[in-house]
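Below you'll find the structure I mean.
For clarity, chains are labelled A, B and C in written order, and residue numbers in each chain start from 1.
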């Protein structure tokens, strides 16, 4: 299954429209190219509808959101809905400010998202309508572990049911769920959190995977999350004694560039829970 | 000739004002430093005229353009014209949205460009006044090949004549032309298109080369295009089995950092067609 | 002393709010993660007060400043003052445009800075109320050398007295001074100036160091400057023949990721002058 998802990305080379933050935008673009997709970044209200129309999918990331780009997110999202394009939401820092929480909730109200991907604190904020996210990282109290995974899966499924989107909660253990089924994914490496923007890159990747695999949103999002985790592992194995987070960043993108379906299938570690 | 062009950049260390997109801006800055130039990025209408005045050249790149930065592009461009500074236009995504096409055409109307550098779809859009660019990459139908190179050269020359600028159409084969002469350049590597922003970096580089070689716009632009292609090749030879597009990005900039005039002369592959 | 400063950063993992330019923002984020801190970037007036409230320190960098972000800098700075959070100013390009000079001076008037870090031309501009900075690099005429170091130290101390901030003037020789004491730091490598944003990264680092070492601003700023210089040296030793400024950029961040207190103590080269 994962193999097919990955190969569809490489075959169809989906063009992904990203309205995203200026911190990690370059890495998102290179990650999209690495996976076989193609990026375009555009955030002006005067062109976003048109740009999203020529694309296969849209990725909305609210990091460094501002009053100029919020209306662009809304119109691009609505246009993508109208055209039946998949739309991904990355609610970066939802819970850390009223502006971020309110914008994420407004986006969810006005745009139908195919996938919502965030850390557990961000997703809890969206589910509860408010939150206390510490910056852009998950609160320790929220973290998904072997102990509370059952609860976390139920939460993800019920938020997926409520939102109508596939929900991807990523962290040490990743959960990718729709209303009925949930994947728990055990790939990745803790050092990935020492790089800025691995979450943002993953959201771009998810957009490419769902765009290239229409009608199979859950599986496609799962494949993207597995791919990112596997690349985090491959890149970590490559680290030499002097390499730190900057080299690791490059190696993860490099690993995605070379990732093939067989390797993804062989290295992916996940379980599937049905309703 | 190429050697001299390169050495003039290293000797004069031209300060280049960039009004450019936030996707590839960091790579543009490091590429300018690598070639021996010096970058300054500034896009607020309240300072662009002043900033461009202390610079040796201006590079206008319309990727992630917006209503705040478009007036800045216009005033910086006019100021640079007034001062006799070279100005480069990179019409990223012209043809992909009305805003980009219209802005690029307005810029061409109000600013005299020294060099216009883009992929073939972008340049065709400017020449025709409209287009259907697929995102930020060239349409397959437009690509310059051994078969249609004669036609492409004629097109480049006639657009150069019409626009008054040196026209650089880059792709598998690059064409750098003024109204009378055209260079066809055969350097580079296909994998360069798997990195975001090699085109943007090249436009910054072109600005440095034309700024350091006044009165020799065509040769300077040709030298910059050759230098980029040669660095793409040198960097590709350096790739190890695990390296992908992220490492390749770094290696190209690294290669520019070390490039000397002899190597450029020896490795450059081009032909010159006179009128 | 330096060891303790560094270890406090790794222990307290200060969350740093950055209002910074889009050129080097990604490197600033990765540098903050490398040193053991945590970054959040946010520049919209509607959220900066709230974001800075959840942080341990604020870093204001005026590169690519604009009319939208200037009010954000002012409100975030005032809020941080109100909360007693340390605030760092990086006056990128002060002296290169009236907008930059005026904004930096206005910030200094309305916000109490803990540390002001810039190159000598930028700092002179702030001290004199005007300047002629050549782009974002220091004027040759201003450069601190073995010859004029005494004068430069006096200048730094008197500007520290006047501004109430620790003043960090960085270049071949770095000076970190308050009204009474001054550190002269001899670490680093000239090739650091061939990378865009080593200054910006250092300002983020300084913010993390002062945030994690409350009440010890001078020593903390000195430790951050030493750490950056030492990492510049370690990274330079790692360079292989094909590595240029792009790889060097990564290696410096990598070196910070691995830097420990013992290495910092052992490699730091500085003198302390008391009043």
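Criterion: a contact is a pair of C-beta atoms (placed from the backbone, for glycine too) under 8 Å apart; a residue touches a chain by one contact, two chains touch by 3 or more.
Just so you know, these numbers come straight off a predicted model, no measurement behind them.
Taken together, the touching pairs cover every possible pairing of the chains. Of all residue numbers used at the contact between subunit A and subunit B, under half are used by both chains, marking a mostly different-residue interface. Mean C-alpha positions place subunit A and subunit B at a centre distance of 33 Å.
Residue numbers of subunit C whose C-beta contacts span two or more other chains: 22, 26, 68, 249-250. Taken together, the subunit B residues at the contact with subunit C in this complex read 15, 22, 25-26, 29-30, 33-34, 38-47, 50-51, 54-55, 68, 238, 249-258.
On the side of subunit C, the complex with subunit B involves touching residues 21-24, 26-27, 63-68, 93, 96-100, 134-137, 194-197, 242-247, 249-250.
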